[in-house]
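The structures considered in this document are given below.
Okay, so chain A shows up in both of these, paired with chain B first and chain C after.
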Partner chain A sequence: MTDEITNDPLEESTSLVKTLRPYHVWALGVGIVLVGEYMGWNFTVAKGGILGSLLALLVAGTMYLMVSLCASELGASTKLAGGPYDWARLFVGPGAAALVGLAVYMEYIALEAADSIVVASIAESILPEIQVFPITLLVITFLTFMNYRGVVAALNLNFALSFTAFIAILVFFAMSITGVGGVWNPGNLISGAIPNGLIGIFAALQFGPWFYLGIEGAAMSAEECKHPSRAVPLGQQAGMITLLLAAGMTLYVCSGLIPTDQLGVSVYPLYEAATNSGVQLLVVLLAIGTLFTCLASANGTICDSSRSWYALSRDQFLTPWFSAVHPKYNTPYRAVIFTMPIAIAFAFSGFLDQVITFSIVSGLVCYVMIPFSLIRFRKMFPQHNNKVRPFVGPLQPWLAYFTIFLALVIMSTLQWGYRYNLIFALLFYAIAYFYFNRRYRSLEVSHDWGEEMGWPEPVRT
Partner chain B sequence: MGTWTIINGVIYLVCFAMIGWMLLDAMKVAKK
Partner chain C sequence: MEDKQKKENVDSVRYMSKLRQDALVVVVLMGILFFSESFIFYTIITTVWDSTPELSSIFPVYALFLLLVLGIGTAACLRVYSSIKEHMYTFRYYD
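Moving on to the complex of A and B:
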């Protein structure tokens, strides 16, 4: 009798399960990004010195704060798993949607590959006999396995890893300002303030996104949140505050403990600063933090890239085959598995800086499109009510216009060192835009706002 | 054969086991 009313547990379902809380959103956002405080940000010092690094931290921080405000408003309103992709699809058009979906996917997949390479390099530096390839493969397959088995388990793991890594920075900073964590040398700030003049300060902006790259992905968990209109803004803004604090503390401790010429080329600046402090506890703590933050970042990027692929597939930009949801684990399991070969291909290319630059350009494309989606959203739905817009960001749409300007300025600074990467990436996305726009033009007018979103008809613009 | 060669080989085996498990489970779900 019960067979008649009980669904087969192995039958595919069509929607994701709503289980996530605000701390999961925080863990997803901070988990992806915190690796940027442990490494990579210090290239700003090589270009623009300590002052250039501070300016890059502030300019990029301002841009990301505004991007996350836009993302929180859009995420809380739409509550869809595709994040930036879904916002572009609803408010801009199919070409822009496919462009953003592809950019998000590439941004996170490239980041996952880079994180895996770094974990393997750390393992090799500790145990020289171990090989980089099997460890890279192990990181990618294990984290894909975790994401396959369920989003809650994957993000609980991310919370534990990210929280530990953040506490490590906090302890280092506290010990440093109290004089227990080594000799902090203020002379470094003066000697390495502006080594390459104003051009250097401007050029340093290109590495500013390292401090925050990927935080907008936290909003992509909206479809799996219990209360998305509360969880997304709360988790994402808390994540952004965490990152701003972590970035400031990292710059402070590293600039005083590592001479500027060494800081600019360091592979693991926080770990190196801990080594320079001479405190064994800090060395161990920051080594653990470095490893954990790479794993958390790779784990979060699998979650986000698979959701982006799932959303593209669900709306038939790709074959609908990828939009199947696992009946037991409630994950987009085919999209999750498909992240694996792409990440392995990126990782085994071995060009870490090229992979990361592609990720940064892809991210910057999103940072132009997210505020643009918000501008369109506000024009199409000017009503301020709980149904359409449960979270209303301040000073919009002016902040959105300023965000686009900052993203374009940061993108332009990539011409110092990565000109051909920038041209190639922009060409790649331009072709993708025109291809998808032409192929899916019919989708632009097919929204049933009442049925799809529960909203009134938009104001035609 | 050295110890580290075996360890590296075991890591590969663990990876392939996880990939195999995911693919088999995905096929099982898809058949339903």
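Moving on to the complex of A and C:
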């Protein structure tokens, strides 16, 4: 029995299999994001030193906790695979929906490309005779096949990979605070506490999302969950706490084991910290963790980007050809396969740092639109009942307003170093918004809440 | 009435046991979160406090966001628990 307590027409018209449990939701969210603890977050140190990194961790952590709460409420209510796209479509309008659908797709597909390249680079560093190009292709192909074959198999793989990578961080932290994980040097923190003054601390916020980027994607599995009103909130919040833990532990061990000037530019900071610790067990553990977390992230992003593409197609923003569901595996297989050429194109564009920045801006666009969708949802459907809102988030809509504020603050800090990327990305999404809003205005007018969601008509706002 | 009927048709002992397992996961995670975030925050701030005079002026911002992280995290977990408890018979979470 699924969460539906009324006859849901969507359940009859689509056939995505409903088998996922809370640990799958956890695995999807943590799997995508945990790579950010293994690499990338340390650019906060380059901008603002250890104190800049600590503030970025706390500010971005607050924002993502609130985004997760918004996503949990919206995901448990709508139970649709498109996630942020579907929330914007239902509660804001077609232009915003297309904008968010594209943003989610770009955010995840760029991450997939980056993760695959890092996996290939790690393989090359272990076996210098192999080349990055074919291994990247192999990784993308293998993970696409896993997602084609079935969502349960793909997310079981993610659970195993993410859990191992998280345990590696936990063991490293435990060994570090007990003194057996190398010499934790407080001098590193003192010399690199605040190298660029207060402006540097503020500028470090732009890389804060690295710690948690993509956790909102966990709610995109709602349509495939056995009990979305339990699995989504529980899996998503457990995932968010896991990431907060991992982020803090990572900052602690790395700041004490790597000099700040090296930490700010390190490619694999956790692995480097393990190497500096001189403990062979940790070196092996963190090497495995780095590899596994990249694979888990690439795997999870294929799952989420394909669902976003599938949802866009199902609602005729794209050709309906992509919305086909595999008769045997119950996966949106055409949308899954289509992630391959796009990811490969991103991977071999040669401008990976630009691609990643585009991914961050895309994520921040989502973090404005997700809470805005929740605010609209609360206004349109103020009643709390099992049919409309089985999970009611705390302190809403005030947390949603605060989330939008923090997302805009973090976005504004991209002007230090990535001004043109920010302008280009916002221009891209503004054009997408106006184009789709004009083209698909009729979708909003012809919306039938009873038929699509089994809900009563909304309050006029 | 409908909820009451559903409650009567399920194994309540099993449901309460499963609910406690869900609660345990959340409590353990929150316990580790409170310990680790407080420990890390305290260690970093006390290590650099004397050598960084600017820190005293922006310390309230750090303290505010630490409290927000722990406070919102706790509120979220309590709400998830109460939501599961409220709906577990209606949606038959543990069958």
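The rule we apply is simple: the second predicted complex is superposed on the first by the 447 of 461 C-alpha atoms of A that agree within 3 Å, B and C clash if a C-alpha of one lies under 4 Å from a C-alpha of the other, contacts with A are read in each partner's own complex, and residues count from 1 in each chain.
Methods note: contacts are C-beta pairs under 8 Å (C-beta built on N, C-alpha and C of every residue); 3 or more make two chains touch, one makes a residue touch a chain.
None of these values were measured; they are calculated from a predicted model.
Peer 1: Which one hits more chain A residues, chain B or chain C?
Peer 2: Here the partner covering more residues of chain A is C.
Peer 1: Of the two partner chains, chain B (first) and chain C (second), which one does A:M453 touch, if any: first, second, both, or neither?
Peer 2: neither
Peer 1: Tell me which partner A:T141 touches in the superposition: chain B (first), chain C (second), both or neither.
Peer 2: So A:T141 only meets chain B here.
Peer 1: Quick one: classify A:V171 as touching chain B (first), chain C (second), both or neither.
Peer 2: neither
Peer 1: Who does A:I130 touch here: chain B (first), chain C (second), both, or neither?
Peer 2: First partner only.
Peer 1: Answer with first, second, both or neither: which of chain B and chain C does A:S255 touch in the superposed model?
Peer 2: A:S255 sits against chain C, while chain B stays out of touch.
Peer 1: I'd like to know which partner A:P186 touches here: chain B for first, chain C for second, both or neither.
Peer 2: A:P186 contacts chain C only, not chain B.
Peer 1: Across the complex, what residues on chain A touch chain C?
Peer 2: That would be residues 1-3, 5, 22, 50-51, 54-55, 58-59, 61-62, 65-66, 68-69, 72, 173, 177, 186, 189-190, 193-194, 197-198, 201, 227, 229-230, 233-234, 237-238, 240-242, 244-245, 248-249, 251-252, 255, 386, 390-395, 399 of chain A.
Peer 1: Which bits of chain C are touching chain A when the two form their complex?
Peer 2: That would be residues 22, 25-26, 29-30, 32-33, 36-37, 39-41, 43-44, 47-48, 51-52, 54-55, 58, 61-62, 65-66, 68-69, 72-73, 75-80, 83-84, 87-88, 90-93, 95 of chain C.
Peer 1: Hey, which residues of chain B end up touching chain A in the complex?
Peer 2: By the definition above, chain B touches chain A via 4, 7-8, 11-12, 14-15, 18-19, 21-23, 25-26, 28-30, 32.
Peer 1: If you look only at chain A, which of its residues touch chain B in the complex?
Peer 2: 8, 10-12, 129-131, 134-135, 137-138, 141-142, 144-145, 148, 324, 326-328, 333-334, 337, 340
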